[in-house]
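Following are the structures in question.
Next come two complexes, and both contain chain A; in the first it sits with chain B, in the second with chain C.
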Partner chain A sequence: MMYRMKTSRRSRLAVLGGSLLLALAAAPGLATRAGAQTPAPVSGGTMTIINGSDITSWDPAVTSGTFPGGPMDVLDSVYGFLVYIDTEGKVTGGMAESLTSTDAVNWTLKLRKGVTFSDGSAYDADAVKFNWDRAADPATLAPTQGWVSSWNKGISVVDPLTLTVKLPTANANFAAQVAELAPFIASPAALKAAEKKTDIKPVGAGAFVLQTWNQGVGMTLTRNPKYWDQPRPYLETLKFAVIPETNSRIATVVQGGATMMAGYMFQFGNNATAPGVGTVKVPMRGIYRAYFNQVKGPFTDVRAREAFYLAIDRARLMQALTQTGGYKPPKSFFGEASPWFDPAYALPAADPKKAQELFNALKADGKPFDIKVVTYTNSDLKRLGAYVQQVLSAYDNVKATLVEVEQANHPTRCKTQLDFDVCFEGGVVVSNGAEPVISNLMSSKGSFNWGQYKSDAMDAALAEANSTVDPAGIKAAYAKVQKLVATEYPFYIFGEETRFLLVRNNTGGVVPSNGGILQKQFLFVCPDVCVK
Partner chain B sequence: MTARSQDIKAQDLEAASALPAPATARLRWPRLKGFEWFAFGFVALLIAAAVLVDVIPGLARPNFPYGDFSQPPEWSLNGLLGTDPLGRSILSRVLHGARTTLGIVAVATAIALAIGMTAGMLAGFYRGPVERAVDLYANTMASLPPILVILALIAVVGNSVLTMMLALGILDIGVYARIAKGGVIAQNDRDYVLAARAMGASDARILAREILPNLVPALTAIVPPLVAGLIITEGSLSFLGYGIPPPAPSWGGMIASSTDLLSRFPLLVVGPILAIVLTVYSLNTIGDSLARRLNDRNRNL
Partner chain C sequence: MASDHPYLKAAARRLAAGVPVFLVVTFAATALSSLAPGSAAQLILGENATPEQIASLNAQYGYNLPVIERYLLWLGKLVRGDLGLTLYSQQPVAGLLFDRAAVTFEIAFLAMGLSLLVGVPLAMVTASRPGGAIDKALLAVTSVMLSIPTFVTVVVLGFLFAIVLRWLPATGWVRFAEDPLGNLKSAALPVLCLSVHQAASFYRVSRAEFVSVLQEDYVLVARAKGLPTHTIMLRHAFRAAMPQVLTVMGLSMTYLLGGSFIVESYFAVPGIGWTVLSAVNSHDFPVMQAILSLTVVIFVVVFMLVDLGYALIDPRVEVA
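Right after this comes the complex of A and B.
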């Protein structure tokens, strides 16, 4: 009894103490401080996101690059992701409830009830099928046409909210691939009404509706009042501004002219600690890469690719690019924290002596190492190219010519015209999981395989990884991939980096997905400082 | 002659002897002010360094790394101005850049002087259609932005050292032609020209032996500031990426390659900027000094 009484008194004290704490928390000063720690979303307000370039079309089938600030980041505002990949690498429902399979062959897409496009038409299974069939049509010129056309014949509309896809072969990564390659669904009526791509009006069911678009300058969007996930989006107005020069983008955020921009810490420098701004890490590892031309030129010989790895200290190369130290050369396509990483197969470290031997051997075989290095005209990439040229010029029997092209012409020069020997890409390629990036980079038909590396063994290993849902099986298949990466050198992996957002310090609701694209329906303006 | 008149005569002679004879003044070492000494000294040193840069003991090669990236200045020959974003000695690159820049502007000036003076002298001597043609060219060139003219030329023939020399030379032809033409017109009616003509001297002889020597002082005073202008134009072109192709060092190119890093490494641009500023300042000062001396001489005459 005494015990019960004591307990009861303790309970009353606890209740009293709790009430006091609640009352104190409700006091204005403390509420503000608590808000700075875990701010509650607030509706209203405007944010401006600065990107380096503008989109060229509102075509939902033209998807490329899920990096923050890329075209898909803009399209997401209007169309929303059908499903997206969260920061843990899991495929998560977006506009759709789920995309699942039990055997990796038969996939079921469940849509949400009551979702409508901003023109009032239903966001249903027929609309999804129409969009995917359109992406599979070569006339659409979708970059992912080859991939979508490999399975769109297996689409069946079960009911307005259910659609199934029967794949020709097992693919455990299908949902992740949809999230990266075919996530946007537009109103079929709007797509049919457009006679050509440039006429497409952006009619989606995403968080925002386009109001004005001044191409190359910026656009203004307002919240979609019919958005399925109310009270989201929290922002009343979302703006995108286009500022090509990195330093100008940074200065604009620091001076309060915009809310955020995506970049890297080395680009921000001291601006990251300027008053009124903060940084938010996009917690996804990405790799810096360059493509070896494996159709013509010196890099058709695997010894030349190995010599390139051996000739340049990749940590120094990253230091030249970023002007900051502390880099370690990546050992593999996968980061060391990845569940797929296999330490048995590592890319070679710099070995100038062995590199020289290989250069000499190539010369003796009538294959002089005379290469064309293609980079952007961007200052960081120019410096990177100059460093490569500087290092290679110290070797005998080596000649490196630097070619700088405008960023907009870079894919044409490298991917379409194959007019390079080694072509450096500027940003990192990010993938939460292995797919679809790994296949895009290394399979024979991969859309990022600019150097046209072809290997039956690699194709088989990637197909093996895709065909199973068993983690042990996937790991075994990716071990084969890593072995091929370390022996055939499909492309040049020279650094790993994580993206950051430079934001005003009252930016709340930063939720990255896929390769760093923000789920913009979560963004809100904090009443107080909420980012350090 | 009275004693008083003798005294006056003696005073006059004394005063007259105190005045420097014109011929003697020309031979005397010029009385320079402090900043003029600096200007002449700096240009002389720069030219010497540009010529001898390959044999300066211990100086790193301009296109090879000397130290870590973007290091601040330190007390060593190669580190005196720090290292650039690729670890190369900025001092070495500034001196090699001086050789490139001075070489280009020297050849460009020689081209401009040779063509401009010849055209200007002919225009001033014969007048008429020759003068109108020279004036048209000079006025046209003066009305066009110099960078635009050079970019047009580069677009046609590509950028190289030779292109830069020709392009910069073309820019100044009109200026030299105008000066030469004015000088010739001013001398056409002078006694020594009329005398030569009366004695049956040919036009070529009159131009070369009677007029040209009198144009040289005026042109000497105008060359340094025009060279300074060319250095700025060359630096601007290199800054814009249309100058000397990398990795060859150029002052403008060095500034351009560091601008994106200025917020993090502000000392990167100090070397090339100092080189441009001091060279241009020195050349302008030398030009002013020569012009002042020329005016003094004319007054004394």
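Right after this comes the complex of A and C.
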């Protein structure tokens, strides 16, 4: 079986025809995926995307999640992704034509002809190998070093446009993992020239070229005239502005001071219907989660984790977080629309009586349910934390202490220091495609596994799902995963949500990928209203 | 000799007294930054980095050195005029400081100017008829203005002028050189928010001072001579009330710089308040230290100018 990563013909058509019309003809399909009503793309213009924080490095080896507005969303402008994951969870061509395999062990990366970095050097197989070898080098300090070093010895450069990777074991999700964990290729010359990580200059072959970067304020990029997919990018100028305060970001878009911001409908409120403004759904299901500390404290006992699920009505918890109603507690890691969803295994619904019995049993066994709940200091998370504390305080033999930390220090507190019993995350993690998110969250070596849940059965089930190419086999393996989720409670899944973009109503070409990042080469300014 | 001039000697003495303050504040900042959770390495490498990788990068940047060593290294560079580069974008800190301070000073001076323009003339009007209806009304209004914290003012005025009326930009900053009108528009909301408290403060102090001065004998003589009220106010009362207003102006500068942290953050104005908050959150030590140093210098200079200003305005005051 072939894992398909289709090559787009849009560029060739556009170049061959020399006509804008041909390029435009390809756009409606993209527009449909984006959920926006995009008319014919128009070249020129400026867009400003507001993010809540600035990037801290242009190092292509530092990858940290593909959520909209995150660092990888910014780096995509300059580097582009080798391959993307579309909203259906399928891997598609990006800077590379394809990344395919017939046996899940031997993978072939086909690059595009004539692509060059903005310094004029070739974007070829040697450049890809250099970047991946660099990521595998412990001295680079890439967070994905462990993963890349597990396969980079199997890289072979066949010719300038072809590179093969022989994996040590079968991995059907390798292409998706590359799209999430190692998608950026920078000019080797620029990387070699940098003495320190922060010295790295952003020299890529992506849609835009960095012009100015004012740290903590924003940056300006202009279109890369040598971009491989002409006439894209359509925008002449792309700006990123940094505005940490959510309400200020919203007000700026509403007023026309910027083009778009990512968030959730509950944050936008009535602003979503303000004049000149529209919303675009990023059609990827994400889950809200919290981590149970499984190294020390009450949650090392599975009964405590079960009791936590039983004690709190998760629909009401979501209501406390979002101040809107109508939520249904997720039944599993996978959404009910997922091909991997198995209704046989569901997370428990709230049952206060049973929760109290478990709390009493824990107390009787000398394991009092005395927990430290860590959240961060934005108003939504404060409400959520207060609700958790309030609900738990109604039970006997239960004590919950709320600790609010600055968002920037949240990973340090929870992941690095393990100084929590239950640690809530404020944003969703996208779980429409299984990997690499599912393994990152639940395998014993997963980088999102902040609570350090360890289960040989889970590791085996995840490995089984990765190693098979048979859909029935994958489904069977994920059924085992869901059974473990519903019986071992690796982490706390309390809500599901999709992100939205609050945009000016003339924002065209919104094409979300991976965890919600936008493919900026498709963005264009509509001559008229094109988003409701 | 110029150095014998009493004003210069007084200025030099006050600046010298500021040196220990400078050293204590900047050292404390270094020490506190070491105590803060997280690190620059954690931010650079992201939340997926291992503790070993974070420790390794911290070592590369010297963030694992003892506090005193880090401080002395920084101080040594400062003495050589080297403020370093911003940690992430590698911009020269000196240039960044100049750009951001210019924004904050523009807002602070505009806010002070607006507050003085509103507060002092109103005080002159009501002081001439203390206890009148306007006086009572303004006392009530200014009580409200003084009791509203800046973090409430920014939300209310931002909502009103940016969202409801759409007269002013909700966020951002336009440089004066690029677009003078745009610059004033982008400064308007921050200036208004800072002026709410300050105008009330200037009004209260000036009114009390004018009321007091108007009861002095020389004012009564002036009245007896038949001078009109506005002449008495401008020629006699105004100068006599100035020392007190000057003191408030000095304090006002500290309030405006403090308020800039909230106002700049809310309206996304890239001044030193916004920058230092961002630097603290992002563990950008060179930027944080540079801004703290600048802030200490500003405070020392402002209080020195206030002291010297007394002597210039009031001949009875001698500089020492």
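For the reader, a short list of remarks on this structure follows.
The rule is simple: the second predicted complex is superposed on the first by the 492 of 532 C-alpha atoms of A that agree within 3 Å, B and C clash if a C-alpha of one lies under 4 Å from a C-alpha of the other, contacts with A are read in each partner's own complex, and residues count from 1 in each chain.
One rule holds in what follows: a contact is a pair of C-beta atoms (placed from the backbone, for glycine too) under 8 Å apart; a residue touches a chain by one contact, two chains touch by 3 or more.
The structure presented is a predicted model; accordingly, all values stated were derived computationally and were not measured.
Superposition note: with chain A as the common reference, chain B and chain C can be accommodated side by side. Between chain B and chain C, it is C that contacts the larger number of residues in chain A. In the superposition on chain A, contact of A:A394 is made with chain B only, not with chain C.
After overlaying the two complexes on the shared chain, residue contacts for A:E180 are found with neither chain B nor chain C. Of the two partner chains, chain B is the only one that A:Q323 touches; chain C does not reach it. In the superposed model, A:D124 makes contact with neither chain B nor chain C.
Of the two partner chains placed around the shared chain by superposition, chain B is the only one that A:G269 touches, whereas chain C remains out of contact. After overlaying the two complexes on the shared chain, residue contacts for A:L402 are found with chain B alone; chain C is out of touch.
When the two structures are aligned on the shared chain, A:R383 is found in touch with chain B, with no touch to chain C. In the superposition on chain A, contact of A:D342 is made with neither chain B nor chain C. Figure legend note: chain B and chain C, brought together by superposition on chain A, show a least Cα distance of 6 Å. The residues of chain A shared by its contacts with chain B and with chain C are 247. Within the complex, the chain A residues that touch chain C are 54-57, 59, 62-65, 71, 141, 143-145, 196-199, 213-217, 241-245, 247-249, 251-252, 254-255, 257, 405-406, 408-409, 411-413, 415-417, 447-448.
Against chain A, in their complex, chain B makes its touches with residues 63-65, 69-70, 85-88, 241, 246-247, 257, 259-261, 263-265. Across the complex, chain A meets chain B through its residues 246-247, 269-271, 319-320, 323, 377, 379-380, 382-383, 386-387, 389-390, 393-394, 402. Residues 36-40, 42-51, 53-54, 56-57, 60-61, 86-91, 96, 155, 158-159, 162-163, 166, 169-172, 265-268, 270, 274-275, 278-279, 281-282, 284, 287 of chain C touch chain A in their complex.
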